[in-house]
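What follows is chain A paired twice: with chain B in the first complex and chain C in the second.
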Partner chain A sequence: MSEAESTINEPISDDVSFDVEVRVAATPQHLSAIRAVAADLAMRADFDLDAIADLKLAVDEACSTLVMHAASGTELSCAFRCTPDEIAVRAVVPSADGTPPRRDTFSWRVLSTLADFVTASVSRDGTPTRVRIDLVKKRTTVVNA
Partner chain B sequence: MTGSEERLRDGATGQEGDDQSAELFAELRALEPDSARYGELRDELVTRFLPVAHRLARRFRNRGESMEDLEQVATLGLINAVDRFDPERGTDFLSFAVPTVLGELRRHFRDATWSMRVPRRLKELHLAISGAVGELSQRLGRAPTPSEIAAHLDLPREDVFAGLEVSLAQRSASLDEALQQGEQEGLSLGDTIGSDDPHLAAVDERESLHPLLECLPERERKILVLRFVHNLTQTQIAEQVGVSQMHVSRLLSKTLERLRQGLGRER
Partner chain C sequence: MISFSTEHQEQGVVVLSVIGEVDLHTGPELRSAVRAALTDPQTRQVRVDLAGVSFMDSTGVSALVGGHGEAQERGITLVVANPQPHVSKVLRIVGLDKVLGVTSDSAGGG
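Up next, the complex of A and B:
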C-alpha cells in the first residue's frame, strides 16, 4: 500500500474489518444520517454520555472536512468498528485534488480534542485518489476529578 | 419604569392595588407558612397577579407552545415569585415578579420544547433521564452511561436508548438565539477566557477564526473555549455554565457547524 502523507500514530490498521458502513452522497445535508449512526453505536456500546457526544461531534467534523475535499458527485463512506474498549471510524471520499486536510486549522484541533486518535491521509494506490480520516474514540474509564 | 411594565401594571392592579399588595406581603411574611391564613393570603396574591403572568406568557405565544401550557409555566413562575419575594428589600413585587416569571418561561423553552411531535411517554422518559443524568453526574463526577441511567431509573436499557434519542428531536437553534439576551447574568466569562485567548489566537492565525469567534454569543464562545482549549468534558462545562450536558452538546454542535459555514471552503 502506498500511503502518502501518512501520519503519526496510525490507530487503525489497513486490513481491519468494520461492523457497520454508511454511504451517503458527499454533501453536507446527508451527514445527519452518519451522525445518528455514530451516536447509536456509542450509546449501545454503553459509552458515557460525554463520550457519545464527543464521538458524534468528531464524526461530524471529520465527515464535514471530507465533504469539502470530495470530488463532486461522489460518495462518502463512513465505517465503524466497535470493540469493547473503543469505536474506530474510517471515513473516505474520492479526492478532488489529492491534498489532505490541513492540520493547522481549528477544525483539526476540534477533531484531535474530541477523538483519542486521529489521522488523515491520501492514498494514491488506486483510482481515484482517496482522502481519508481515521479516528478512534475510547471508552472513558477514569475522569480527572 | 419602562413603558411595557407600566402597561403591565395598569393591566393588573393599579397604584392602589400595589399598596394593598405590599400590606398583604408584609402580613404573609409575618405568618407561619403552615397556617391556614398563610395559604389564603398566598392564594390571594397569586390570583391578584395572575393577569400579569398571563400577559407575560402571551409574549411567547408564537413559538409553537399552546397558550394553556405557557400560562401554566408563567403561573408557576408567579408562585415562585410570591414565595420568594422579600418586602423588606424595598422593591415592589412587580419588579421582582416580572423577571422571575420571564425566567421560568425562558427555562421552559430552553429545556422542554420540541421541534416535532413527540409522544408524551417519550417526553416523560426524556425528562426522567435528564433528571437522572444530573444526579448521576454529580455523584459519579463524570457523565453516566446508558446502563447506569437504566439502573438508576429501574428501566430497561431500550427505554433509556429511546429517551436519549428523543433529545435529538429537541428544538435548540432559533430559540436559543431568540432567548439569548437577558440570559447572560451568571456567566462570568471574562476570567476564564481572557487568559486563554493567546492559545486560541495561535490556532486561528491562519483560519480567520477570530472574527467568527467574536460573532459568537458569549455563552457559545465560552463553551467552545472550555471544550477545545481547556479540554473540559461536556459534563464539566455543563456544571460551570449552568445548563445540562445535553444542552452543551447541542450548543457545541451548532457552534461548530456555524464556524464551518463561516470558514467556507477553506481547507
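Up next, the complex of A and C:
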C-alpha cells in the first residue's frame, strides 16, 4: 500500500466493513442525496439535532471536495459505518490528476472543525489513482463554533 | 434546489431573498444572483436574506465572499441577514461572520 497521507489522525482502519454505501455519479447535483442519507443515519443513531447538522455538513464538504478531484465520468462512493458511539464515513473517487485535497480552503476548515477525525489520502497502488477522505463524527461531540 | 426573489426598497436597498440549499451545485446560482443585484446602477446596499436557506456549505460562503468583494469595488454595502443557526455556524467557522456584516431582523438589525 503506497499512500501519500495528509493526516490529522487515522480513525478508520483499511479493512473495516461499512453498513451503508451510496454510489452516485461524481457530479455536484447528487450531493443532496448523500446529505440526506448522512442525516437519516445520524437521526437513526440518535444523534442530537446539532450533531446531525454537523455530520451532514462534514459529509457534504468531504464529498464536494472529492467531486472536484474526480476524473470525468466516474462515480463517487460514500460509505457509512454506524456504531453506538460514532459514525465513520469513507468517501472515494477516481482521481483526475493524482493531487490530494488542498488544506488551505474554506471547505477543509469546515470539515476539520466539524469532524472529530479527518484524513485525506491519495492511493496510487491501483488503477486508477484514487482520492479518499475518511472522517469520524462522535455522537456526543457538538462543535460550538 | 434554490430560488431567489428580489425586492427593491427605498434608498437603493435591494433585498435578495434566497430559498433552498446552497452547495457545490447551487452555489454558482447564488453568485450570479448576487452579481445581478450589484450591477443595478440604482443599488446602494444589497441585503442577502438567508432566512429561507435550510443548508449552506463553504461553497455558499465563497459566493458571499465573492459578492462582498465585488460590492466593495462598486462602493456598495453587502450584508447577510437572518441566517438560520447552522448557517451562522458555517460563517463563524471560517471567520467571516463579522467580515460579512451579519444582521438579524428580529434583533432590530439592518
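Definition applied: the second predicted complex is superposed on the first by the 138 of 145 C-alpha atoms of A that agree within 3 Å, B and C clash if a C-alpha of one lies under 4 Å from a C-alpha of the other, contacts with A are read in each partner's own complex, and residues count from 1 in each chain.
Basically, a residue touches a chain if its C-beta (ideal position, glycine included) is under 8 Å from a C-beta of that chain, and two chains touch if they have at least 3 such contacts.
Worth saying up front: this structure is predicted, and the values here are computed from it rather than measured.
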{"item": "Combined model on chain A: chain C and chain B, fit or clash", "value": "clash"}
{"item": "Which superposed partner A:L57 touches (first chain B, second chain C, both, neither)", "value": "both"}
{"item": "Which superposed partner A:S107 touches (first chain B, second chain C, both, neither)", "value": "both"}
{"item": "First (chain B), second (chain C), both or neither touched by A:H69", "value": "first"}
{"item": "Contact breadth on chain A, by residue count: chain C or chain B", "value": "B"}
{"item": "Chain B versus chain C as contact partner of A:Q29, first or second or both or neither", "value": "second"}
{"item": "On chain A, the residue positions that both chain B and chain C contact, one per complex", "value": "50, 53, 56-57, 60-61, 64, 68, 105-107, 109-110, 113, 143, 145"}
{"item": "Chain A residues touching chain C - in the complex, by the definition given at the top", "value": "28-29, 31-32, 35, 50, 53, 56-57, 60-61, 64, 67-68, 105-107, 109-110, 113-114, 143, 145"}
{"item": "Contact footprint of chain A on chain C as seen in their complex", "value": "1, 21, 23-25, 55, 57-59, 61-62, 86, 89-90, 92-94"}
{"item": "Parts of chain B lying in touch with chain A, wherever the complex brings them together", "value": "133, 141-148, 161, 164-165, 168, 203-204, 206-207, 209, 227-228, 231, 233-235, 245-246, 248-249, 252-253, 256-257, 259-260, 263, 265-267"}
{"item": "Chain A residues within the chain B interface of the complex", "value": "36, 39-40, 43-44, 46-51, 53-54, 56-57, 60-61, 64-65, 68-69, 99, 101-102, 104-107, 109-110, 113, 140, 143, 145"}
